[in-house]
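You will see two complexes here that share chain A, one where it goes with chain B and one where it goes with chain C.
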Partner chain A sequence: MIALGGLTATPLLFLIVSSFARQWFFPAIAPREFSSRAWEYVASDSAGILSALWTSVVIALVVTSLAILIALPAARALALHEFKGKRVMTFLLLLPVIAPPLAATMGMHNLFLRYGLTDSLTGVVLVHLVPCVPYATLMLASSFANFDTDTEAQARTLGANFFNIWRYVTLPAIAPGLGVAASFAFLISWSQYLTTVFIGGGQVLTLPLILVGFQRSGDEAVTAALSLIFLLPTLIVFLFIARFIKHDYQIDL
Partner chain B sequence: MTIKLTFNNPDAHFVRRHTHGAFIILCALCLLSACVPVPVTNERAKLTPDQFAATTWDDVLTRARGTTVNFAMYAGDEQRNRYFQERVAATLKEKYEITLRLTPLNDTVEVVNRLLNEKGAGKTSGGAVDMIWINGENFRTAKQADVLWGAFADSLPNIKYYDAEARQRDFGTAIDGYEAPWQQAQFVLAYDTARTPSPPRSVEVLREWIKSHPGRFTYVAPPDFTGSVFLRHILYHFGGDARRFANNFDEKLYREASAPTIEYLNDIKPYLWRQGATYPATTRELDRLFVNNEVDFVFAYGASFASEKIRRGEYPPTVRTFLFDKGTIGNYNFLAIPFNSANTAGALVVINHLMSPEHLLEQTRTLGGVFPLSLAALSDEERRRVESLPRDEAVLPFDVLAAHRLPEADAEYLERLEKDWEAKVLRR
Partner chain C sequence: MRNGGTTKIRLNGERAWRAAPRFRVFVMLAPALVVIGGLFVGGLVLALAQSLGYFPAGGENAFTFRHYQALLFDEEFLQSLLLTFVLASVATIISAGLGLALALALREVAGRHRFVGVLLQIPLAMPHLVVGVILINFIAPSGFIARLAFAVGIISLPADFPLLTNDAYGFGIISAYVIKETPFIALMTLAVLLRTGQEYELAARTLGANRRQRLRYVTLPLVAPAVVSSALLVLAFIFGAFEIPFLLGRTYPAMLSVVAQRRFTSVNLSERPDALAVAVCLALVATLLVYVYMRLARVLIGTTKPTMFT
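Moving on to the complex of A and B:
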């Protein structure tokens, strides 16, 4: 456990030091000087980090909820029903994950242009759904695979209506899988770069867009500071998943 | 009965407590996403190139008033972002009532690809970008694919401040007014005075230096921009006069100059970092090697790149820059308007402002770099202000840079040399 903690904490520590570092030259273990330049810039209005953060959060939450809404019936059908063309459907569902991202994104940009969906938040949400839905579906399908539909029949016999069956029988049974699927969808949307660049047209500014710019230019301190901000929701989501896994498997985390 | 069932299930209890509130919030967020930013298009601000040619500059200024200009600009430089977002935006607002909106770019090729797609899909108006910062290969692609607005640069009032050279060719591609000159960049080499007291100032002295300091030199692998321009300096060295390469591609000249160039590169190869078995892939990697004291030189386009890195604490304060005695390659970078810009009048006004002596004096003072305007075109007062621009020791004086500036080669020389390097140097 300690080793595992160290493994995650070391890069984090490195980022924290880098974000304050000035004159950090090999083979010195610590920087020669420290400065808050990077954090001052990140906090300034002209950096636009707060609004990018907000845009990223809104997009990721909307994408997550839509992805789950789409994935739920699909996952149930894939896990619990046998039907003609199921293998083809599974393949089609996985296609966006398999296809080379650049080619797929260029193609989607063309399609989105035709329907006037580019340069807008709606377009970005839709394009993020493309990689998010397959992952969410696959994860939910594995939850549904262990689900015994007879418990639903039982509840129905006992007089529960559709809503009550969902709320008290189905949802509790798939809850851990649902939590993990939602977290994954959130993180996939959160880290989208290429799709946001193309469909958002530079009008929809998310955190990865700003981060990649500084990473490419080699401004290590600002990159480190932005990386830390970028990591924050990931850590929150990780704790969220840990909670679900704990409930599912009774592990102490 | 159903209630009893849930109490038996701890998961259900947990989920019920947590999911309902979350679900309501998510629904609200779905609605929120419908609030899409709608770009305000002002029909008056949308001029065609013909309309621009026929009208007066005052009319353009009137049409641009009250509009928003979306400027797609490389955004990896904190100081530059700040300067444009704060100072330049405020000046434009005050002088022309224009709102400047920066749409950050990590690579100009992104916006060019997007324009190509938009052209293919027939999106000929209401584009999200009104002006782009561009040069070289991206300009050639954009011009050939006809995704630029039109010939406008030669009709801008402030074009008179630039040398004729700045309006003719961009890496061998005829400009024809499709982009307006803006800034100037010149290749400089950097070294650390604490490690290297006297740097090699010519291609031949460099050869000797590399051989007597094995493993202490390398260059970025072409087709990276910086690696490619390093090779061109050697090509120029063996080709005689640099000006011969600036115009259309000449097969005979290329063969004459490239053979000794390839020979030179193979000659130094065993003495390079890691015996030339591998090369840094990006300028950033070369930068790291330099900073970590593995190699002794780093180079880039941009007379003040070392000074900026010293300021940010990325280079030691003892780093200085130098040029080859025969000169180094300099080029311009430009501003262009996409074919589907929704606010061409606004873009014209902003571009013209960015080309003005007042703006460029302030910009050079704030961000460093080379002052790009022709000194002869300036008033005495302006010239005095250029001469008194502050300069730290890691930047060479403007007159030294200007006296050592070589023209850029036609793009075909670049491509051929990059291919030959791969076949005859890298894979040998």
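Moving on to the complex of A and C:
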């Protein structure tokens, strides 16, 4: 337990120290001087990091909302209905989650060029939907699989309309799964690098792109600070998951 | 419509909706199909078309296999293919072994403490770029481990430290994937162990099986499908993933995804169909692996739970 915790905490501590370090050269084990230069730089308007951060947040939020809206009915159909081609559908959903995005993104680049979607936020949102929608669908499908549709029928008998059934019966029942699906969709969009580079063409600057830039330039303090910002949503999501896992513990994903 | 008495509160549209379940399922799936079918499959088809000679922007418009034929004699491609295959396999095998060991070691604790599962998921959800950055900070020639080695007097110069990032043996790449994928395989294995493990082992114990026999004849066969199928997913993923080899790999030979990316973004437009041919090969291998996974795992909805890869 402690070993596992230590293994996850050490890199974080290292990044924190590194982001405040000044002149931390070989062979010094601890930095000789500390400064808040990296963080001041990150927060300055001229560096453009704040605007990239904002772009990342906006894209991830839009992608998450769209992905959930698209995934909800699809997940329900997959989990609660029998239909021809279900296995094909499952395969198609699994593919973008696992398979490399390279070929499909290159093809999409060609398609997006024709409609003026390259180098645009819209194009980047669309390309992020490709891994996020299948992911959210598969996660929500496992929530729906445990959902008893008779409760909806009961609400209907009591006179509830479509909207009220969703609002008071269905959504509360799948809420934990919905929360996990939404947070993971957010994280997937948040950490996209290659697809953003290809479709955004360097015009849409998100946090991962900036991070790679600083990693390449060798500015370790700023890279560490950016890595910490980049990790923040992951940590928040895990605090959230840890909280509700107490009510319904399952070790699966 | 189970109860005739409720008919009057239904609209006609809703009645039609209930009456045609097939149409209803189609409507429910339609938006997702637009994204996967239109964007993902559409993108793949266009990529395939371009790699087969449909590339008007580059002055090509005739069906040809030459971009694929060229790959057969392309020294960089062949070396990258070999490298990709070896690194992905080695990283997968190490992750599977460690993941299995970790699951077996943690099963007792994981059954009692909920947050073992949560802790194991942290490296899974860490973006690959950050894992890469942290790893470089630790294992680079002037990194943290080299400094520790200096402090205890093993080395006197950064150059004395073995090259572990951007190295010839892919040590950095393999380490990064082992860190990311071991917890994944451990989690998939733990899920099976905690669900079904105990009873069978208890039965074997009552029949007089010792610890070793229980492991060999009960536990391992029980978890083997989970280990193998999750290892296949890991292999499919590593085969085509980009960020880690981009940060931690050598320029030449690079892993296939990096080669494809470099050729695609080259100023020389005529390299694009070659880039697409490489990318299509990668997609084919990954598709095949996912297909085998599905056959093997007999995936049912509700048990398919993908995890954080990207």
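Criterion: the second predicted complex is superposed on the first by the 224 of 253 C-alpha atoms of A that agree within 3 Å, B and C clash if a C-alpha of one lies under 4 Å from a C-alpha of the other, contacts with A are read in each partner's own complex, and residues count from 1 in each chain.
FYI, a contact is a pair of C-beta atoms (placed from the backbone, for glycine too) under 8 Å apart; a residue touches a chain by one contact, two chains touch by 3 or more.
All of these numbers come straight from a predicted model, not from anything done at the bench.
> Determine, under the contact definition given at the top, whether A:188 touches first (chain B), second (chain C), both, or neither.
So A:188 only meets chain C here.
> Quick check for you: in the superposed arrangement, does A:106 touch first (chain B), second (chain C), both or neither?
In the superposed model, A:106 contacts both chain B and chain C.
> Looking at A:212 after the superposition, I want to know if it touches chain B, chain C, both of them or none. Which is it: first, second, both, neither?
After superposition on chain A, A:212 lies in contact with both partners, chain B and chain C.
> Touching A:167, do we find chain B (first), chain C (second), both, or neither?
After superposition on chain A, A:167 lies in contact with chain B alone.
> Spot which of chain B and chain C makes contact with more residues of chain A, would you?
More residues of chain A are touched by C.
> Please work out whether A:198 is in contact with chain B alone, chain C alone, both, or neither, and reply first, second, both or neither.
Both chain B and chain C are touched by A:198.
> Touching A:44, do we find chain B (first), chain C (second), both, or neither?
First partner only.
> Per the contact definition in the header, classify A:159: touching chain B only (first), chain C only (second), both, or neither.
So A:159 meets both chain B and chain C here.
> According to the stated criteria, A:230 is in contact with first (chain B), second (chain C), both, or neither; which is it?
After superposition on chain A, A:230 lies in contact with chain C alone.
> With the two structures laid over each other on chain A, which partner does A:81 touch: chain B (first), chain C (second), both, or neither?
A:81: touches chain C, not chain B.
> Identify the overlap between the chain B-contacting and the chain C-contacting residues of chain A.
Shared contact residues on chain A: 25-27, 106, 110, 159, 197-198, 212, 215, 220.
> Can you name the residues of chain B that touch chain A in the complex?
Going by the criterion above, the answer is residues 1-3, 5-6, 9-12, 14-16, 19, 23, 25-27, 29-30, 32-37, 39, 70, 72, 74-78, 81-82, 85-86, 103-107, 110-111, 113-114, 117-118, 120-121, 123, 128-129, 283-284, 287, 291-294, 312-314, 316.
> Write out the stretch or stretches of chain A touching chain B in their complex.
Residues in contact with chain B: 21-27, 33, 35, 37-38, 41, 44, 46-48, 58-59, 61-62, 64-66, 106, 109-110, 113-114, 118-122, 125, 155, 158-160, 164, 167-169, 171-173, 175-176, 197-198, 201-203, 205, 209-210, 212-222, 247-248.
> Going by the contact rule at the top, pick out the chain A residues touching chain C in the complex.
1, 4-5, 8, 11, 14-15, 18, 25-29, 69-71, 73-74, 76-79, 81, 83, 86-87, 89-100, 102-108, 110-111, 126-127, 129-131, 133-135, 137-139, 141-142, 145-146, 153, 156-157, 159, 161-162, 184, 187-188, 190-194, 197-198, 208, 211-212, 215, 220, 223-224, 227, 230-231, 234, 237-238, 241-242, 245-246, 249-253
> Touching chain A in the complex: which residues of chain C?
Going by the criterion above, the answer is residues 2-3, 6, 9, 14, 21-22, 24-25, 27-29, 31-33, 35-37, 39-50, 109-110, 113-123, 125-130, 132-134, 136-138, 142, 144, 146-148, 150-151, 158, 187, 190-191, 194, 233, 236-237, 239-243, 246-247, 257, 260-261, 264-265, 275-276, 279-280, 282-283, 286-287, 289-291, 293-294, 299, 301-310.
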